[in-house]
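Look for chain A in each of the two complexes below; its partner is chain B in the first and chain C in the second.
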Partner chain A sequence: MTNNRFAKMMTGYTGKALISLLVVILLGIIFNADGAFFKLGTHRDALRQLSVYGILACGMTLVIVTGGIDLSVGSILAVSSVCFSLFSIHYDMAPALAIILCILIGTALGSVSGTLVAGLKLQPFIATLAMMTFARGFAKYITGGQKISTYLTDADGNVIIKELPQIFQFIDSRIFGGNLTIVSVIFLFCFLIAWVLLARHKWGRELIAIGGNEESARLSGIPVVLSKFAAYAFSGAMCAIAGICQAAQETQGDPEAGASYELTAIAMVVIGGTSLAGGRGGMGLTFLGILIIGYLEKILSINAVPESGRLMITGFIIILAVLMQRKAD
Partner chain B sequence: MRGIDMRFGAVTVLQDVDFTIYPGEVHLLAGENGAGKSTLIKILGGIYKPTAGEITLDGTVIAPTSPLEANALGISVIHQELSLIPQMTVMENLGLGRYNTRWGFLSPKSMEDEAIRVLQSLSIDVSPYDDVQDIALSQQQLIEIGKATSINSRVIVMDEPSSALSERDAEILFSLIEKLKKSGCGIVYITHRMEEIQRLADRITVLRDGNLVSSGPASDYDARRLVKHMVGRELGDHYERSATQLGDEVLKLKDFSLSKRDGTRLFSQINLSLRAGEILGIGGLQGSGASALLAATFGAYGERPQGQVLLHGEEYRHLNPKRSTQKGLGFVTNDRKADGLVLPMSITHNITLASLKNYSKWGFPIQVKEDEAAMSSQQELSIRAASLDMPVQGLSGGNQQKVVLAKWMRIAPKVILMDEPTRGVDIGAKWEIYALLDALVAQGVGIILITSELSELMALSDRIAVMHRGEMVQEFRPSQYNPESILAAAMGQSNSESLTNMENHSQSKQPSAKERM
Partner chain C sequence: MKKTLITLILASLAVGLFANGGAEAASTSEEGSQFVIGMSQCNLGEPWRVQMNADVKREADKHPELKVVFKDAQNDTLKQRSHVEEFVAMGVDLMIISPKEAQPLTAPVKACMDAGIPVIVLDRDLVDDVYTQFIGANNVKIGTAAGQWVAEKLNGQNAKIVELMGLQTSTPGQDRHNGFMEGLEGSDVEVIFRADVEWLEPNARAEMESALARYDNISLVYGHNDPASHGAYLAAKAMDRQDDIMFIGIDALPHEGVAYVQDGILDATFQYPTGGDVAVQQALKLLNGESIEKRIVLGSRRFDTENVTSGGEAIN
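Take a look at the complex of A and B:
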């Protein structure tokens, strides 16, 4: 049975996504930028750079599996990032409290999207587009449009330089002899939670059933409204965590942070093979998708491909990967 | 139409059917559901190409290959499902597909003139600028009819045009039909309502199982003869139910009513009672409200229905599917692909979908337990599948239906509501499903069954209640089973004989009979 399942996995979407990943790695080996690709540091950096996107993709997968979409992830990330900086740097709040508050704020914003989609039956695209706009405005409102950094001006117009809170340094620090950043650990932890929920928990099954056929799911006694609502709330929580990591990496809270991150996160999920129509997909596929996009970016950057070229090639690869996935049907 | 044959794969739907329409007559096409009426008119309307046979119009052979082509030839078909586009205005809908244009640009003035002309001929009070979605369903139906009749057709086919119409709007339709007849138009009319047949038909053709069984002037047919032709088949080879012991009352509906959001009623004042181990059949034609009754009882309409549902004598309030599932109420919908199964999900996961809690610990489904459950269901129902991990969409219709049944058997059901459990299922699987129903009632489950096949309804039901236009009109005991009278009741034919029957019933101290009428 186990063997059988493994074989089926490899001939299905997982296999296709693995091939895409191997192709990307092969590209890395060919265009290794004078051996830079074979250095451990490159891979550590790749993992560090894809972590924030990866955390967003975790929440995004749970939403997309229901046949929905969450466009607000980049903006909620920005809200969380400025809130975390504000709480930690300006208010000298305890790290644990600041983190919990930020996650609550992210979850609350995600819950609003969830209410709009599940409760009021708005189209996910519209509801989260509105949330994307609102949350971006909210981030700017909190900060007055400024970046929240260790440089601040007091009432008399004097510049004060505060010390960067330790939590910022900790999140961006490295462990295991400098081979793994804490941000990557956080990403792997979020991934594990999302995987357990989607693949092993009743809720995950419900989300997949809703994406496969919402009416059948409802008539089988599944609490469709609650399950869908929770998916958006969960995505909001993931955005908050990603925002905290982003703030730590940039050592500041930028209200402009995370712009267009939603598109990268969606691309990661879709390249893995999770269907935008819902009902098919999983965290394992998303993991492969995250690696594919993450490594592609890294390979292009170590080869000093300019941003213009990088964007064009990424667009091209996304289409190629998705076309290949379609053959699996 | 001469010698029309129609086959889909190995299935013959129509066999050597001749059908003639003369100018200025209403030709009524009668037959049970599945007799081939719709197929015949789809061939006429250019949707299907017949396997054999030919169509001649005014002496020339025609072979329309699309509805548009049929329209151009002077044949228009009004289908049961509305084909208006809800977001567009009445005027735009009337002009759709035959625009008045000048150099490729739409000419609003002439479209408006045309729309006003059509609306006046229908004598309905609607502005050409109203959105179709904002006007009443019956008016939409009239506009659909107006659209078809406004293009000087030679032949107009109407497939149950009155099913969505109120009495008043039906009168408008009938006078429109009179006008069309006078203008020399031939009309093919399909209806399940006896009073319309008697009022409108000039000639009648009866189809049964794809064959033409009888055709002639309407004056040759009375209600009884017509129904006999429609049913006609030998019922000797039907399934034998094994005798079961009836238990206590498990489900009871009291004054149960439901209306659509626009106010049209789906069913009203339904009273019924079901006992453990009983199969209650509900007979009724399309639009009888029987399907909505089952869906509403299950809670698919939430708390909208009025009246009471009692399960084991206890009132079941705040109806919803989740609570129904917990209370042991199952619902086999009439369209397994649309709302019965999650097609891309595996067989196992579909089987455990409604009872996942039983196979979970701390909210985590345990794969081994699920696999065991699915395997025992597979054996019990002999679901034929290469692997239980494959998506359910790869199964045949019969096996898919067994998966639906397996899902509900997994919730430890007390009552299962079944709407067309054998639709689109081959004969072998049908009999397996019959045997399964038999086994279920033997375990004390109560079943309410809707099926459009009369022979099936009679073979399986311990009692048959017949619905017509949202009301329970009559109840039959096995000794009274008779296809003619059931069909007559379903068509709203109130005959004195059946009324006496019912009176006898309420006097014979059968509690359920008393409650019903």
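Take a look at the complex of A and C:
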């Protein structure tokens, strides 16, 4: 039975995504940049680098399985990143309070998208495009277009250097003898939550059912409006967490942070094998998608491939991975 | 009908809310102003350009007879073109423009001049000199100064360095690279790792991690802007290698690069001046009937650990 299930998994979407990942890893082994690919630090850093995108992709997966899309993730990340910096650095707020407030703000912004999509029946693309624009403006508004850093200017124009809050240093630190970054732990934690919700919870099954056929989901008694709304709110919360990680790693809140991150997050979800049309997908697939894109970036980076080449290779690999997924149908 | 009305009311409220705030920020002094200057900024999304506007405002605030109206084209050439046309329609006394692109904005600026409004062009030049004055800094020279400083510090040690470049399809990115290489000439300093980080700090950090993974011996990181060097510093710090490496950057914004040097993060930063204050001074001269030069090349300053508290040192 278990064997049968394993075989089925390997010939299905998971297997295809695994093959893509193996191809990428193989590229790394061939182009190992004088052995840099075999160093433990390289993998730790790859995992750090993909963590923020990965957290966004967790929320994105839950939205995409309903047949929706969330374009606002990068902008909400920026709002959270500047709010977290503002609360922690300028207002000296307690870390727990700052984190909770940021997650509430992210959830609130996500809830607005959710209300527009689920309640007012706007197309997800339009509703979240509007939110993407609004939230970017909001981030710029609260900061006056400047980065929120530990350098403050007093009334006379002198620069005062404030100490970086402990919480920033903690989030950007490492555990297990320096082999795992805290942001990666946060990513894995977010992934676990999203996985439990999607694969083991009633809500997850409802989301997939809605993505498959919204009308029949409604007729079978699924609270369509509430479930969809919650998916966008959850995505907003994930953006807030990603924003906190971004701020800690940059040691500042940048209102321009996260621009175009939504495209990376969507690519990660789709490469894994979750269908943009909704109704099919899972967090395991997204995890593989995250690793594929994350490792590809790292391998291109350690080989110092010029920007032009990187863009072309990345485009090529995305198409290859998606074509591979199509064969699984 | 009802829907239209509600939409209209809500939209008016939203616009009103921000229009007031905007107007307040736009005018520097309402009463008794004699001259109105239109300031067309191409993109306030960049901290350096925010600083440029701040420099314009600070200088203008010293002169109660000046009123400055700011417009931000949000990195959109056509939007900036409309802003120029709006200033002409408003009949401002003078326009300062920091254009996004040369080709498409040359004609609108010429039309402005033809309407009898003098124009001061800041930072990026136009195709023809259809303006009253151009004020800008020289990225090649600043890059060269950075290169010479590095050569002076590291020559003879067979030093290996990392270059984290600004967008290589942009002129400043190319100039800061070419100038730097020129400055290094004749020394044995070698660039072993080079990446286009597109001016972005998170990219710089990721690229630096790769460089650190690949090379055990890195003497210095040259970032094309200060955020790039800062990102590189954070990557090195995470591996506890920040003390073996020097970090230098360009731009030297007061609460960015200069503060990084003060804070001991960067070893040096080379100022890329905005010229906002100079533009206002020149505008005032012109409006008071004096003649001004066609071109002004702004000088740069180096801020390093020794001179940062005394305001840096001018470089030729």
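Observations on the model:
Rule of thumb we're sticking to: the second predicted complex is superposed on the first by the 328 of 329 C-alpha atoms of A that agree within 3 Å, B and C clash if a C-alpha of one lies under 4 Å from a C-alpha of the other, contacts with A are read in each partner's own complex, and residues count from 1 in each chain.
One rule holds in what follows: a contact is a pair of C-beta atoms (placed from the backbone, for glycine too) under 8 Å apart; a residue touches a chain by one contact, two chains touch by 3 or more.
Just so it is clear, the structure is predicted and the values come from calculations on it, not from any experiment.
Room for both chain B and chain C is found when the two structures are superposed via chain A, with no clash between them. By the touch criterion stated above, A:Leu219 is placed in contact with chain B alone, chain C being left untouched. Shared-chain residue A:Glu256: touches chain C; no touch with chain B. Of the two partner chains placed around the shared chain by superposition, chain C is the only one that A:Asp172 touches, whereas chain B remains out of contact. By the touch criterion defined above, A:Glu163 reaches neither chain B nor chain C. When the two structures are aligned on the shared chain, A:Asp154 is found in touch with neither chain B nor chain C.
When chain B and chain C are set side by side, the one touching more residues of chain A is C. Remark: in the superposition on chain A the angle formed at chain A by the CA centres of chain B and chain C amounts to 120 degrees, rounded in steps of 10. Once the two complexes are laid over each other on the shared chain, residue contacts for A:Ser301 go to chain C alone; chain B is not touched. Across the superposed structures, the minimum distance from chain B to chain C, using CA atoms, reads 16 Å. On chain A, the surface touched by chain B in one complex and the surface touched by chain C in the other have no residue in common. Across the interface of their complex, chain A is touched by residues 298, 300, 321-326, 331, 333, 338-345, 349, 353-354, 356-357, 360, 363-365, 387, 389, 407, 411 of chain B. Chain A meets chain C in the complex at residues 33-34, 36, 39, 41-42, 45, 48-49, 140, 144-147, 149-153, 157, 159, 161, 172, 174, 181, 246, 249-251, 254, 256-257, 297-298, 301-302, 304, 306-307. Those residues of chain A lying in contact with chain B across their complex are 4-5, 8, 200-203, 205, 208-209, 212-213, 215-223, 279-280.
Contact residues on chain C toward chain A in their complex (touch as defined above): 44-45, 47, 50, 168, 193-196, 198, 201-202, 205-207, 209-210, 212-214, 230-231, 234, 238-239, 254-256, 258-259, 262-263.
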